[in-house]
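Both complexes shown next keep chain A, but they swap its partner, so chain B is in the first and chain C is in the second.
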Partner chain A sequence: MSRTSSALERLANREYEYGFVTDIESDSVPPGLSEDVIRTISKKKNEPDWLLAWRLKAYRHWLTLADAEPTWANVHYDPIDYQKIVYYSAPRPKKKLESLDEVDPELLATYEKLGISLAEQKRLTGVAVDAVFDSVSVATTFKKELEKHGIIFCAFSEAVQRHPELVRSYLGSVVPYADNFFATLNSAVFSDGSFVYIPKGVRCPMELSTYFRINAENTGQFERTLIVADEGSYVSYLEGCTAPMRDENQLHAAVVELVALGDAEIKYSTVQNWYPGDEEGRGGIYNFVTKRGKCAGARSKISWTQVETGSAITWKYPSCILLGDGSIGAFYSVALTARRQQADTGTKMYHIGKNTKSTIISKGISAGHGQNSYRGLVRINKGAAGARNYSQCDSLLLGDRCGAHTFPYLEVMNPSATVEHEATTSKIGEDQLFYCRQRGISEEDAISMIVNGFCKEVLRELPMEFAVEAQNLLGVSLEGSVG
Partner chain B sequence: MSRAETQPYLERFRRLEPSAAEPTWLHGMRDAAIERFAEFGFPSPRLEDWKYTSVRSIATSDFGGAPPARNPFSKRDVAFSLGGDFHGRILAFADGRYAPELSTIEALPEGVIAESLATALAGRPACIEPHLGRVATWDAPEDAFVALNTAFLGDGAFVYLPRGAVVEAPIGLVFLGLRNGAAPISQPRILIVAEAGSRATIVESYAGCGPDAYLTNAVTEVVVGAGASIDHVKLQCESGSAFHVSALQAQQSRDSRFASHAISLGAALARNDVNARIDDAGAEAVLNGLFVASAAQHVDNHTEIDHAKPHSQSRELYKGILAGRAHGVFNGKIIVRPDAQNTHAQQANDNLLMSEDARINSKPELMIHADDVKCSHGSTIGYLDESALFYLRSRGISAVEAREFMMRAFASEVTRAIGSAPVRTRVDELVTARLARGAPLEIA
Partner chain C sequence: MLKITNLHAKVEGREILKGLDLEVRPGEVHAVMGPNGSGKSTLANVIAGREDYEVTGGEILYRGENLAGLSPEDRARDGIFLAFQYPVEIPGVSNMYFLKAAKNAILRHRGEDELDAVDFLEFARRKLKLVEMNEELANRPINEGFSGGEKKRNEIFQMAVLEPTLCVLDETDSGLDIDALRVVASGVNALRSPERAMLLITHYQRLLEYIVPDFVHVLSDGRIVRSGGKELALELEEKGYAWIEEHAAA
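Presenting the complex of A and B:
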């Protein structure tokens, strides 16, 4: 036991590999939130009046929510002072960028350290990367090739300028401005994010990818992503993140909205590896995210795949509204909490249309003092005849000071529905570990293998490049662990 | 909920005249409890534990009308509750008050006590004081009904099993509600103390009749000593217009076994809390439940198994059959505390939705703080297997019969786990009658 506990200790105390701060002059507004700050953000981004009005509507609603910051999640943190947060920060624009050579070399070096060099990406992988550095997109690649298919993939602020009609008709259609405390805050102050539109019948020829980074100190990131897949189209979107090491907590309250029209499919994948805080639980990112997809059309499909290994606190429920008849929702999740990380994550599947289907596979791994909660809702409305849901939520415990919790809510109002939920919680099998060790596999490798096997059902849903990254991430995270 | 709704109860509490026979510590406990109740009010759906159950209809009715002067029940009503084959001691209660004329004083092994709580409070307060009001919790808004019961605590049952006592015949506690009273409230309190190595089966049976509403608010506290084994059966067959709220809390010592079989067939609104706290190593808890609801019935089952110590195990199976516009709720919580290594916990909740308008909210929860555990839960919701129905139909069995047949089979997984044969037989009879009738049963 002592052998394995020391291995565990190492896991729990592993250094955050991606901790560094890029020193770039930031163009920030002073900390604090007021109508003036919102007007400033809107003005800096040269937004149309309707968008400013929408932001202000959200802000005024947010003020009424002062006492309504959610407390029901199984996470604990000191109250956030929303007046201490800088709501806008952008790298100073030098001039219009024509090529990657003009991008701040320090910024490029940052990506280099993260192993996602834009040049590399562009040249080798065929992945179009819309890199979001703090809050403003600085480089977008592969635009031409996408344009050929009529696909719009750009920064949110750019979409507001160039495709206002599209943005206006879909913004807030899945996550309304009054949805919840953090989504409302985001609606008021969101800085930038990505916008994707896939036209009718188009199959997006490449994986679309955005790397987010939180950089300027004290800057909450308020991303807003909107993806619209028109009838019969297909898109796979990747989101991945790392953040520099820092002492002060940083708030990240993003909103992601997906709309899939008839027969369209959206596959949304995330690898999240933000700073989890030190072993005492100081610092680290607060990741309070609202992600929701609407299967608006018949036979449309939305799947969420996430690998959550970072953040001090994760509060995140990527959801599907299955409105169209025969639409399909899926949620595949791996959440790892070590040190003093806390995660309360899961999904919501709203079955509204007939013969709608949903699948939930959630794998939670707890180590150190980590607390991992699965919280999910499966709701079958009265009209959702023939609806089908299958949920499986497994937890793996590595160490005796961590916790794994499962809170599934099943609400069924139609007798023709079939809903199944199962969950298991256990530690790594001693016999499995023994078997591997006996064959000369080091304990660390054995644990990594077993954990990767435990997560296989989720990892295989990730696009190839991501699957490799995710596997490495779990490997690194679990270097020499388990009891 | 508004404080105004607690007023009638607070006033009635002020008018309460404590009996001189009661020990004084009981007065202090009642005072503390009414204070808690006044503070909490009736539980609001804003509380997570009451999310799916609104008790507005209870809170806004003024339960507490005087029970009829003369006991309106007969031994036939008792036989309805426990069946004809029941040969054990029976304590019967009419509207919450002990009714000796309906009770059966079968001999019990030496030292075993089964008497009315009022008698025990007067006669042997020292046996009761260490346990009463200390096993069930009533210090959170979720437990407002337990606080209310404690505030008006006066009668109920006291069962005591001395060290090593084995009672073969089950002990029956029968609670009969309303024949012609005015919105009466019955708040029985049951205390079961099983000393080390003792063993018994205890049946609580609730039945009622009449078109008018009444409220049962029962609290059962069970202390299971080291190596003791208690089989507890609760048969809830209240009338269709009744409100039934009950809370059972078991506290388990080393190597003890506690099994609860909660059968819920009646009442317009039923809320059952069954909690087991495993306080020492090696204990086993079994929580089984069956709920059948139709028309506009609402039935809510909350269970919690708290594995506070290592090497314990629990098994839980709750099954629901919902028809008409019925609304079923299952919330099962399994907690494994940081020290409770080597815990095995298994939980399952299966539900049948038999009509377009029936609904179910199922929430099986695991909260695990130890690593060397094997815990699992599962929940299913659906309709009867169409191919099995077709098989029966193809053999000339009518659709109605085939459905009933399959519902009985579905229910039998719970009922057949009841150890005592006469009790199991009566439960099966009542379940069968309930399914055939499609509405709550009433005592004839």
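Presenting the complex of A and C:
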């Protein structure tokens, strides 16, 4: 008994490997939010007037929301002082960058340490990476190769310069600037992120990936990602993130918009490993993110796969608007909360078109004092004849000081719809652990195996390289901690 | 190989084993019989090192070494195997993957080379034949959706793969129909060897028609109250456990 709980304890308080700080000069604006700050950000990025106007519209709307910061989620934190946050911080370039070779070696080393090689000649795997450091994108690999297929994959700010018409027609088309408190804030101050456009009929030949890193102190990260898959195209996109260990909480309020036109497919995968805070709940990232995809065309497909192991607080509901007839949305999620982490996460599936289909598989794992809530909405509109949804929410508890909660919401306005919901809660069994150990498997490996088995349906949705990373993260393998 | 002296053990504060003695030498097969609740599974779990069973007196020597303080995984790696009375299900974890991890943990512990995926598969396939188990079943998540008989067969398959030195089989016969019993028994018999010892825990003597023991012990209220040769099992069958209990009390 005692040994088992000590292994769970170690899991709950597992070391955060990515907590180092990169010592680099940065160009930051002073803390605080005002029209001036927004104008400064926009000017630094040499943005067109329409974009500045959009930001300001968002900011003015945000001011009216002062009392509307969401409180319905099952998470608890002290009020955030938005005037103490730095809204823009960029590593200061020594000179203008012509190629990847000129990226500050300190930055390259940072990404190497995180296991992300930006030196593409060394990259054998077919993954193109956009690296976002604090507020700006520092490098994008494999750009040339992708351009041959007409694919655009670049920093958001670069897209604004080079493809303003595309950005302008899709920006805010899925998550409008007035959508919610954090999305509105993001619309006002977003600094960088990735932009992807896949032309008609093109199957993107490699995985596209963005790696987000928060480095600077007291800085918020407000990135914005926009992915447009034109008719009949396909893309698989991966997102990873880490941050240094700091005692203060840091805010990450991103917006991701996906647009899939007729017969297009977007697979969006996230392995989120922001700093979770320490055992006492000091520090860690507040991950308040709005992610939404629109299946605009007939038979289009969007799937969200997420493995959430980090952050002090996670508040996110990657959603699908199933507009096109026969379009398909999916949400596969693993959320692990340990230490004092809190997660309120789930999805929303809006069935609007006929014969639309959605699948929700959610796996919540709680350890330590972690609190894990699944919150999901399935809405079937009047016109969505023949719509189908299948939801499955499973919770696994490790230890008895953690919690799991499920909040499913169903709104069915069309009688021909089929909706199924299943939910289970289980405790990692002493019997299961003993069974594994009796076969010679160490306690840590046994926990890791049982947890990974529990998450299998989600992990198999991840691209290969990410699946391994995710398993290691959940892995709990706790190298060297067993004598 | 196994020498248990004056063993006392508690579960949830209640004493279940009350001074048990047992000695098993290499190559021998011992049957431990006893009524429900007499402490048979407790004995099996205590040998395997389950932590919610507290040893309050006596000792267990295994190959001359005192097992006290040794973790379940270390005991397993040293060659102790328990075929569970109620094998658990572990959703999403493939049986073969699990067994390969177990086999390699044991090999590593012994300083031997680990098996790669190809070698392991070949090795495991030979063992599957032994228990007439098909590969599809072996690849499914551990015991998930297995019938009672399939679970027991899987235990013997795992035993064959891990090649233990001391095999403790806890009511492997219960819940088996006669055909399954025959298959499981022939699997067990194939594993009998001069270096390997077996402890067969059973409620009925039926199993002992197929796996003939060298010794039979009767467990009652946490103690071995009688020991003898294989004929003791028959006598027990004839006269019932009540006879032993009266006898023991007398």
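Here is the rule we go by: the second predicted complex is superposed on the first by the 470 of 483 C-alpha atoms of A that agree within 3 Å, B and C clash if a C-alpha of one lies under 4 Å from a C-alpha of the other, contacts with A are read in each partner's own complex, and residues count from 1 in each chain.
Basically, a contact is a pair of C-beta atoms (placed from the backbone, for glycine too) under 8 Å apart; a residue touches a chain by one contact, two chains touch by 3 or more.
It should be emphasised that the depicted structure is a prediction, and the values quoted were computed from it without experimental measurement.
**Q** Which partner does A:150 contact after superposing on A: first (chain B), second (chain C), both, neither?
**A** neither
**Q** So, does A:409 touch the first partner chain B, the second partner chain C, both, or neither?
**A** The first partner, chain B, only.
**Q** Check the contacts made with chain A and report whether chain B or chain C touches more of its residues.
**A** Answer, by number of touched residues of chain A: B.
**Q** If you stack the two complexes on chain A, which partner ends up touching A:400: first (chain B), second (chain C), both, or neither?
**A** A:400 contacts chain B only, not chain C.
**Q** Would you sort A:417 into first (chain B), second (chain C), both or neither based on which partner it touches?
**A** The first partner, chain B, only.
**Q** So, A:439: does it touch chain B (first), chain C (second), both, or neither?
**A** second
**Q** Return first, second, both or neither, reflecting whether A:31 touches chain B, chain C, both chains, or no partner chain.
**A** So A:31 meets neither chain B nor chain C here.
**Q** Touching chain B and also chain C: which chain A residues?
**A** Chain A residues touching both partners: none found.
**Q** Provide the residue numbers of chain B that touch chain A in the complex, in ascending order.
**A** So the residues of chain B touching chain A come out as 48, 338, 341, 351, 353-383.
**Q** Which stretch or stretches of chain A touch chain C in the complex?
**A** 1-4, 429-432, 434-443, 445, 449-450, 452-457
**Q** Spell out the part of chain A that touches chain B in their complex, as residue ranges.
**A** Per the touch definition, chain A meets chain B at residues 72, 380, 382, 395, 397-427, 483.
**Q** Would you pull the chain C residues touching chain A in the complex into a rising list?
**A** Answer in residue numbers: 48, 50-52, 71-73, 76-77, 81-82, 84, 87-88, 90-93, 98-99, 101-103, 105-106, 109, 141-142, 158, 162.
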